[in-house]
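For reference, chains read A, B and C in written order, and residue numbers begin at 1 within each chain.
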Amino acid sequence: MENWKQNKAVFWVTALPGIVWLLLFFLIPLALIWGMSFGEKTSIIDIEITGTLNNYIRSFEAVYVKIIWKSIWISVISTAVCLAIAYPVAFGICFSPARWRPLLLLLVILPFWINLLIRTYALIAVFRTRGTLNFTLEWFWNLAFLDKLIGPFQPLELLYNNGAVIVGMVYVFMPFMVLPLYATIERLDRSYLEASLDLGASQWRTFFSVTVPLTLPGIVSGIILVFIPMLGMFLVPDLLGGTNAIMIGNVITDQFKAANDWPFGAALSFLLMYVTFAALALRAFIGARMKAGVGI
Amino acid sequence: MARRKSTRGPLDYGKSPWLILFGLVTFILLYAPIAQLIAFSFNDSKRNIVWRGFTTKYYAKAWNDASLVEAFVNSMTIAVMCTVVATIIGTATALWLWRFRFPAKSAVEGVMVLPIVIPEICMGVAVLVLYSRVGNWMRGFETGPIHWWNELFSVWPLNLGAITAAHIAFSFPFVAVVVRARLAGFNREFEEASKDLGASEWQTFWNVVLPFMLPGVIAGALLSFTLSLDDFVITFFTAGPETNTFPVKVYSLVRRGVSPDINAASTVLIIITLVATIIAMRMQAPSKIEG
Amino acid sequence: MTSPIISIKNVTKRYPGVVAVDDVSFDIMPNEFFALLGPSGCGKTTLLRMIAGLETSGTGDIIVDGQNMEGVPANKRPVNMVFQSYAVFPHMTVRNNVGYGLKVTGVAADEIAPRVEEALEMVQMGAMADRKPDQLSGGQRQRVALARALVKRPKVLLLDEPLSALDAKLREHMQLELARLQQVIGITFIIVTHDQDEALSMADRIAVMEKGGVRQIAGPEELYEKPHSRLVADFIGKINLIDATVSGTSKAGVTCLAKGLGRVVVPHEGTASGSVSLAVRPEKLTLSDKAPSSDTDISARGVIRDVAYYGDVSNVFVTCADGLELAVNVQNDRAAAGLLENGREVYASWHPSDTLILEE
């Protein structure tokens, strides 16, 4: 790698476009809402930055703490389910025949590139009261003559609750979890597993004592990659959650789109940012520990 | 010699029936809703629960919906403009980070990937605040260059500039990551060999570095195209009343319920996205000789 | 008296914390096959890259054909390089690879074609001109890299570990091939290698480098037979180094008190004093189960500790008095047949004139 002083012209030509764009359309906007999160509304359109912490204090009012807490546990459960599904899938792909691997990987992550809104909409068609799932259940119900025995099939209310949000989150983000897991399991030296088996450990013991610790960086990456967007998710709770399942993303949107309390919305957004930074720091910390060979 | 029933080795997890079954079920669950969405776009039934025969009338209906078409054209225009600019900026950034050593580089790299990792909604509201500030300030000018600037940017497609700029901001880091990953496989001796054989800096870039990183650049371009086309949240916050995009339009329709014309429009978007993605993935596959 | 094609004068290159090349000076003559030999990290590749202009910001002068290379960028220097990885451009055909250096420097197209053909014929790759590098073997890629550099008609061809990526059989073949090419073309070759066999078999002169400095420059035979230092002696081939103290100098040579040997007289030009090493190559020693009849030979009685069998020869390790260990190369002829057994008592002896006195 070249020292930047050796070719300053090329250095600045390649550096400036990205720096300027990031500054104008990312860093300055972020700085603006960060500043605004310490501000107050003085009239309908005017906001004055007074250095107040009221917006942050307000987000710890019971009604918001409840929503934040709910956002966290829904994201935690969804992330856990994602991991539970994605790990075996990534593991299976890694141990499938080499010529199948690229295709299988492509198949898993392909849905991720389809518009989030469209995928969420597709789920509505499956889970709504007159949706595919209820229709299928009714068919089985009638097939088993339960309609004669018990009575007509009562469609299940599958949408507009926390469960629907979790299912939606898992559906939407599971492919994203597979990527980092695949990358680390793929790089895992098989001889470690063979050594463990050779030394007398069972398959499950080998999995939990060797495979999991050695693929931990991928697990951590996957968790962070999926958890952060889930925490700030707006669309899935908005479309699948109904009124009683709102999450922090919906509250933020409300502050900007409906309630018109931008400083409070800014403070909530930055709470999300702080969580993001903490998660990234955690990942860097774990990465450094792994590199140093300390283990966790 | 006793014959073993199973020929599976201890590490042949790929042959484990449970793992295969698990994978199969996952794939089915992953694709079934999308498959259903596509299938029902051809279903001759308004209620869309049982198959009532093949039709393309919902495609015709979507096509005749002027606001839907306009939103679609807007989205495609934004995606194309975003792709061009994001590819150039992202490639330059990748070259910059690949080639140079400079103070605080790891911090800069961390900031560069921030648009990829922070929640979309944070970026959405941040850009909303930026544009409202700039908008308030610019409205103060009735005449003069800034006034003309305002006029200019109310004309299509420049009125999409605000959304496009935000899309570029979150997609160029993706391009940079993809191109840089490609460049990481570049053998520096190719560059040195070119210079040793008499090529100038520019000739070396053009003849040796660019052809090598081109698959990465194309993959990055297609990814930024898809990212822009997919984006709902940031557009939702930055779009004005007269600049509708496809996802925002679909959102307003979806809130009213399931209907086959949404399926039809979605199917078109899915196909465009999938084609772009598949090409991008192929481009990223490592070539046979990397040096 | 011809003037040197390359003069290296007080060349130094520092990296943070290391001196990669430490005040090196030497000349290379036209039409010479010159080798830079040393262990990895000795600075030989850095020096080669400085000649090519790929490594800058060093001090000292590099003069190629009378022209100082200070400030001349790599693409303007009259030297060309064969890279360790060959760096054959993967996206170009063999023909375009070879023609690349001519094209970028503005040589007319109708001149490029015949020169490329000629260069490809020279390395016997004419039939593969339209292939892509991924359809070539390692050896073939190396030929392309050679043709690509030679087509530029450089004054000096630089080769960075050109044979290290090839398997043993092919390596031997390419050694001969390179030496032949150098004679046919008649330009100076500078080769960097860590393999002493490669350097000894191909080069006219060899510079042995260590820790950034040149320790000795000599022809292969002189380097092997008359190394100047323990380091060179040890690096080139195998050698027995025996600790000794000089006790006097006479007309017959230097008298020393050597570990395990007692008092020995070794012919030596010049003077020596203090602690020295007596150096003798394993193939100069003979083994016998009787004490040598000639009393002029240096000899030591010992016990065979280990025998490593190599087919044509065996390497025998003999433990003598005072803990002196001697390595002896024995031809596996009939005489050796009954002798080479572990634990057997033997006499190892050699002629005093085969012994070198090394002071550093």
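Here, a contact is a pair of C-beta atoms (placed from the backbone, for glycine too) under 8 Å apart; a residue touches a chain by one contact, two chains touch by 3 or more.
Not measured: the values here are computed from a predicted model.
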item	value
Between A-B and B-C, the pair with more C-beta contacts	A-B
Identifier of the chain whose CA centre is least distant from the whole-structure CA centre	B
Centroid distance [mean C-alpha coordinates] between chain C and chain A, Å	59
Where chain B and chain C are represented by their mean Cα positions, the distance between them in whole Å	56
Chain A and chain B, separation of their C-alpha mean positions in angstrom	18
List of chain B residues in touch with chain C within their complex	187, 189-190, 192-200, 203, 207-208, 211-212, 287-291
Chain B contact footprint on chain C (complex, rising order)	52-54, 73-77, 79-81, 83-85, 87, 89-91, 100-101, 104-105, 133-134, 145, 148-149, 152
Touching residues (chain side chain B, partner chain A) in the complex	10-14, 16, 19-20, 22-23, 26-27, 29-34, 36-37, 40, 47-50, 88-90, 92-93, 95-96, 98-102, 110-112, 114-115, 117-123, 125-130, 133, 136, 165-166, 168-170, 172-173, 176, 201, 226, 229-230, 232-233, 237, 247, 250-251, 254-255, 258, 262, 266, 269-270, 273-274, 276-278, 281, 285
Of all residues in chain A, those that touch chain B in their complex	1-4, 7, 10-11, 13-15, 17-18, 21-22, 24-30, 32-33, 36, 45, 85, 88-89, 91-93, 95-97, 102, 104, 106-108, 110-111, 113-126, 128, 130-132, 135, 171, 174-175, 190, 193-194, 197, 203, 224-225, 228-229, 231-235, 239, 249, 252-253, 256, 262, 265-266, 269-270, 272-273, 276, 280
